[in-house]
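Chain IDs A, B, C and D follow the sequence of writing; residue 1 opens each chain.
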Amino acid sequence: MSNKVSTIGVLTSGGDAPGMNATIRAVVRTGIARGLKVMGIQKGYNGLLQGDVRELNARSVSDIVQRGGTILQTARCLDFVKPEGQARGAEMCKVFGIDGLVVIGGDGSFQGAEKLANLGINAIGVPGTIDLDIACTDYTIGFDTAVNTAMDAINKIRDTSTSHERCSIIEVMGRNAGYIALWCGISSGAEMVLIPEKQRPTDEEIIKTILENKHKGKKHFLIIVAEGIGGSYNLAKKIEATTGIETRASILGHLQRGGSPTAVDRIHASMMGAKAVDLLCEGKQKRVVAFKNGQYVDYDINEALKMKKNIDDYMYEVSQLLI
Amino acid sequence: MSNKVSTIGVLTSGGDAPGMNATIRAVVRTGIARGLKVMGIQKGYNGLLQGDVRELNARSVSDIVQRGGTILQTARCLDFVKPEGQARGAEMCKVFGIDGLVVIGGDGSFQGAEKLANLGINAIGVPGTIDLDIACTDYTIGFDTAVNTAMDAINKIRDTSTSHERCSIIEVMGRNAGYIALWCGISSGAEMVLIPEKQRPTDEEIIKTILENKHKGKKHFLIIVAEGIGGSYNLAKKIEATTGIETRASILGHLQRGGSPTAVDRIHASMMGAKAVDLLCEGKQKRVVAFKNGQYVDYDINEALKMKKNIDDYMYEVSQLLI
Amino acid sequence: MSNKVSTIGVLTSGGDAPGMNATIRAVVRTGIARGLKVMGIQKGYNGLLQGDVRELNARSVSDIVQRGGTILQTARCLDFVKPEGQARGAEMCKVFGIDGLVVIGGDGSFQGAEKLANLGINAIGVPGTIDLDIACTDYTIGFDTAVNTAMDAINKIRDTSTSHERCSIIEVMGRNAGYIALWCGISSGAEMVLIPEKQRPTDEEIIKTILENKHKGKKHFLIIVAEGIGGSYNLAKKIEATTGIETRASILGHLQRGGSPTAVDRIHASMMGAKAVDLLCEGKQKRVVAFKNGQYVDYDINEALKMKKNIDDYMYEVSQLLI
Amino acid sequence: MSNKVSTIGVLTSGGDAPGMNATIRAVVRTGIARGLKVMGIQKGYNGLLQGDVRELNARSVSDIVQRGGTILQTARCLDFVKPEGQARGAEMCKVFGIDGLVVIGGDGSFQGAEKLANLGINAIGVPGTIDLDIACTDYTIGFDTAVNTAMDAINKIRDTSTSHERCSIIEVMGRNAGYIALWCGISSGAEMVLIPEKQRPTDEEIIKTILENKHKGKKHFLIIVAEGIGGSYNLAKKIEATTGIETRASILGHLQRGGSPTAVDRIHASMMGAKAVDLLCEGKQKRVVAFKNGQYVDYDINEALKMKKNIDDYMYEVSQLLI
C-alpha cells in the first residue's frame, strides 16, 4: 500500500493532558516506520502560524512516554479562529512540506483541523483532554490519570476528615462534564456526587443526608462537586452553620492536569496516535480517532462534533447505592 | 419489581486481585439497598463447606474500597471439584438461607458456580483476576492495578538500566495470557515483548535486535517476558555471553497481585458487583457479568466458558512499531 | 527493672498527622511487651473527659502502620485548657487506672500533658505534627509525608505549567513555619520560596526574577508560598497583570495532612512511641521525646516549650543557588 | 573569599542511586553561582580515562531533580584501580582544566578520589548508595527512596499474603548491611527481620515464631531477609514443608535502585552537592561530605574509610517488640 502522505505534522492544542507525550511518540515512531517524515509543531496552532516547526526522529521522543504535559507545549490561538489565520496555517504547512496533520486536543482543536483539511491539508483529530467531554469517543487521553490523581487526593483528605469527623467538600475538574466527579465519587467512597448532568439536590437535602450518615455511624462525609456545579466554599459554610459539623472545602485545581500518565492513558494514547498515522497513510479525510464500544474507530469530524454525550444512568444510580 | 432472592452470599475464589474488596462492598450495599440480606463467605468454597459465613451490613464494608486483597480471603478447595462437595455446598447455603450467590473469581470459580446453580442455588460469576484471561469479557477486576504496578516497577528498573547501559529482562505475571506483558511493553517503552500468543523470536533474533538498538544509540534494552513464556534467567545469560552487555533478569512476582486498586479497577469492580446483585434480583440463572464492547452485560456461564480469547493483533503490531 | 507504671493511656491531640497510627501501634505493642496494660483514649483530651476509653491489645493495632490519620481520632478541647478540666482529666485517668499517659501532638498538647503530670498522672509528649514547628526536636511525625505529598502535587502542577509556559504559585501548609515550603522548594526545583522566617521579597523583586528566568529560557516559574506568608491569589493577579504571563495560584490544602505515611514517618513514629513507653517505665517525669542530632532523646516539657527554632540558613542559601 | 579552584568536574561512580541527579544539579548550579566552570564526566572514572567530558550549564541540569538514575551514567573501571590508570586520570583532568572534582559514590569511589587528590587534583567524595553502608555518615543518597520502594512492594505482597494466609519471605538489597531490611521490617510491620549484623535465628526458631503468630490470629507472616543473609528460597521451602503453610519467596531486585527520588533524597543530595562545591572553593583537601548528628559536615577521606558502622541496637530491639 502506498502512502497518501509523505510528511506529516503533529501538534497538541487546548489544555494539556497526561498521555499527550505518548501520542506524540506513537505518531513519530509509527510515522517513521511507515516511511514518513514527521515534523513537530510547537505550541499548537500558534506555533504553526509562527513556523515553530522542526523535524522529529525516533530519538527525539525517547524517554517521554512516562512524562506528563506535552513536549510540544500548547497554547490558545485566537488568530486561528479566523479564515485568514487558517489560510496562513495551510500555507505554513506547505512551507514545511506537511501534507497531513495529527491534531491532539478537544472539540475546539478539531474544528481547526477541519478547516485545514478544507484548505488541502488533511488533518486527523486525536481526543486529548482530561474532561472526557468529547461525544464521539468513550475515552479521551488524560482522563484516567486525572481521575486517579483526584482519587488519591480525595483519599488523603478522607484520612484527615475521618480523624476529625469532618465534612469535606472536594471540587474536581471536568468543565461542563461530570465524569471525573462521578468516577471519583464511586472510587473514593464519597457520600454524595454533584454533577451538571443531574439535578443538584438542594442544600437542605444535602444536609439531611449528612445528618443521616452521621447517625448511621459514618466518620467522614465526603461530597464530590464537579467544576460545572461549583459553589463549594458556600456549601461548606452552609453545612457548618446548620449542622455544627466542621466542614472544609478543597478545590483540587491544576494538579489534576499533570503527572506521569497511567497505563490506560499510555496505551490509548499510543494506539490512537498510531491509528491517526494509519488514517493519514490511507488517505482518509477529516477523521477523528475514537475508542468506541471497545474498538479503535474513526468518525468524520463534522459528524463527531454534532454528537451528544450522556452520563451513564446506571453508573449514577450505582453511585447512590454504594453510600 | 419483586426480588427473586431474599438472602445472598458473596465469596472470592482463586487468586486474589485488587478491586475484589470494591466488588464485595458493591454487592453488600447494593444488596441491602435492594432489600436483601447479605452473607459473607470466608475463604472461597472452602469456607462455604465449613460454614464460615456471617452476615455483612453496610458498615462491615466501610473503608475497604481502597484496599488490596480481599477481606473475605480466598483459598483453593479440592473438595468442591467433586459432586459430593458441591452437594454439601448447596446444603450449606440452605443452612444459612442463602438463595443466591455472587462468586468473584476466574473460570475455575465459575464452574463451581454453575454446579451450585444446578443444585438450586442460583450463582452469578464476576470476573476477578489480574490475568485478563476470561474470554467473555474485555475486562477482569485487578488487571489495571497489576499493569500499573508492573509498569511502575519496570520504570524503576529502566532508570538503573539506563545508568549502567544494561539489558534488563523483566518477567511479568499473566499465566498463559500475554495481556499484562503486552500492556507493560507499550506503556513502559520496552524494546521487545515476548508473549505466548505470538511466535517467540529466536535468541539470535532477540540478540540482533538488542545490538541494532545499541548502535542506534539506545541506552537501555528492556525485554518484557510473559510468565507463559518464562526462561528469563537463561535468556539473560545467553545475551550477556554473546554481546558482552551486562544483562539482568527480574521476576516481578507476587507484588503484582496486591496494592490499592486503581480507579478503573474500583469502578469496574463496583459496577460489576451491583450488576451481579441485580441479575440475582431479576432471577436470571447461571450468568457471568462481563464488560464487553463498552457495556456491562451478562452471559450464560457455560457459553462464557466455551469462548476463546485472542490478543489484539493491531495492538501487538503497534507495540513493535513504537521501539 | 520494675516498671514505674502499670496501665498507660495513649491519645492523639491537635491536628492529625500521617504516622500517628504507627506511634499508637508502637505504644501498644511495646507497652504490652513491657508488661503493661494499654488504654486507647478516643478524640484527644475531649474523649478523656468523656471517658471514651477502651483497652487495646496487640491485635487492636494490626494493619494500621500504613494508614494515614489516627484510629484514636483527634479533637480540640477547650475545657481542658481550664484547671477544672485538667482536674477532671486526672480524675478520669484514675477511674480507668491509668498511671501514665502518652500524648501525641504539638506544643499545645504538651502543655496539657504537663498539667496532668502536675496532678499525678505522668505524661510524656511525642511530637506529632506535619508542620515541624516544635523547637526541641529535629523531626516531628508527619512532616516527611506532608513534604512528599506536596512535592508530588507540585511536580504535577509543574508538568502543566511547563506545557503552557505558565507561572504557578503554590501555597503549602506549615502554619507559622516555613519548613514544608523550604523543603518543597528545593526538592521540586522551584524558582522561589517565600517563608515567614525570611524577609519576603517585594512583588517587584519577584516579578523581576520571573522575567529574568523567562529570558534565560526557563519554561516554568514555580513559586512556593508558605501558609504563614499567604496572599497567593493576589500575587498571581499582580504577576499576570504586570508581565502578561498567565499565572495561577493553588492552595494545596488538607490533602497534605493525609495519606499513607512514608518510611521515615513510620520509623520515627515507631521509635518515638517505644521511647515514650520506656520513659514511663523508667519513671521519668514530664518529658517530651525528641529526635535531636541524630539520636532519640528526651527533654523536660517546660524546657522544651521554651526553646526557639530557627530555619537552617545554609539550606535557605542553597535553595536560592539551585534556581 | 577567592575560590581555590576554577573548573570542577563531577562524576557518578559505582552503583547508581536515586538522588544522584539532584546532586549533579546542585554541583552544577552552586558551582556556577560560585563563579566556577563545571564539567560533567560521563560513566565514572571510565569516562574520565576516555576523556568523555563536556561542560554543563544551568540548563543542562534542568528538569532532572525528580529523575532516578544518573544522567552522567556510571560504570565500573578496573583500570582506575592501578596507579597507571590513576595517573592517566589526573592527566586527563589537566587536559580539561579540571582542578577540583566531586565524586558521587561509595567507599570504592572515594578511594579513587583520594588517589587523584594525591596526584594534585583535589577531589571531594559525596556518599551516594542505596545501601547506607558508609561509616562516616548517617545518610547516603538513595537510601530513603530504596526503603520506600521496598516498603511499598512489601505492602503489596502483604495484601495477597493476607488474602491467602500465606507466609512471604522478601529479600531486600543492602549488600553486607542490614539497614534497608531493618527499616523495611519496622515500617511494613513484618514479623521478623534477618540482618547480617545480628545472629540469624535458626530455621527452627523462625518456624516456631510463625506458628506462634498463627495461633495468635495473625493472617500474614512476613519475613524480611537482607541480601547479606540470603537463602530465601530454601527458607521458604523449609517453612512450607514443616508447617504446611503456603510460603513464597520474592527477591525484590533491581527495582530498588531506581525511581523518582523522595524528598529526603532530593534534599540531602542537593545539600551535599552544594557542600562539596563549597569545600572545593575553600581549598579543603580530600574530604568526604557527611550528614552526621543532624549536621552537614566533612571528614578526611582516609579517616572516613577507616570508620566502622554499627546497626542501632535499640532500633533492632524495637523491631522485635512491634510484632
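Just so it is clear, contacts are C-beta pairs under 8 Å (C-beta built on N, C-alpha and C of every residue); 3 or more make two chains touch, one makes a residue touch a chain.
These are the chains along with the protein names UniProt gives them: A, B, C, D = 6-phosphofructokinase.
The model shown is predicted, which means the values in this text are computed figures rather than measured ones.
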Reference chain D (6-phosphofructokinase); chain at largest CA-centroid distance: A
Where chain A (6-phosphofructokinase) and chain B (6-phosphofructokinase) are represented by their mean Cα positions, the distance between them in whole Å: 27
Whole-Å gap between the CA centroids of chain A (6-phosphofructokinase) and chain C (6-phosphofructokinase): 36
Inter-centroid spacing, chain C (6-phosphofructokinase) versus chain B (6-phosphofructokinase) (mean Cα positions, whole Å): 39
Residues of chain C (6-phosphofructokinase) whose C-beta touches two or more other chains: 155
In contact (per the touch rule at the top): chain pairs: A-B, A-C, B-D, C-D
Chain B (6-phosphofructokinase) partner contacts - residues on chain A (6-phosphofructokinase) that touch it in the complex: 22, 25-26, 29-30, 33, 58-59, 62-63, 65-66, 138, 144, 147-148, 151, 155, 183-184, 186-189, 216-218, 262-264, 266-267, 270-271, 274, 292-296, 314-315, 318, 321-323
Chain B (6-phosphofructokinase) residues within the chain D (6-phosphofructokinase) interface of the complex: 12, 15-16, 18, 67-70, 73-75, 149, 153, 155-165, 168, 219, 248, 250, 252-259
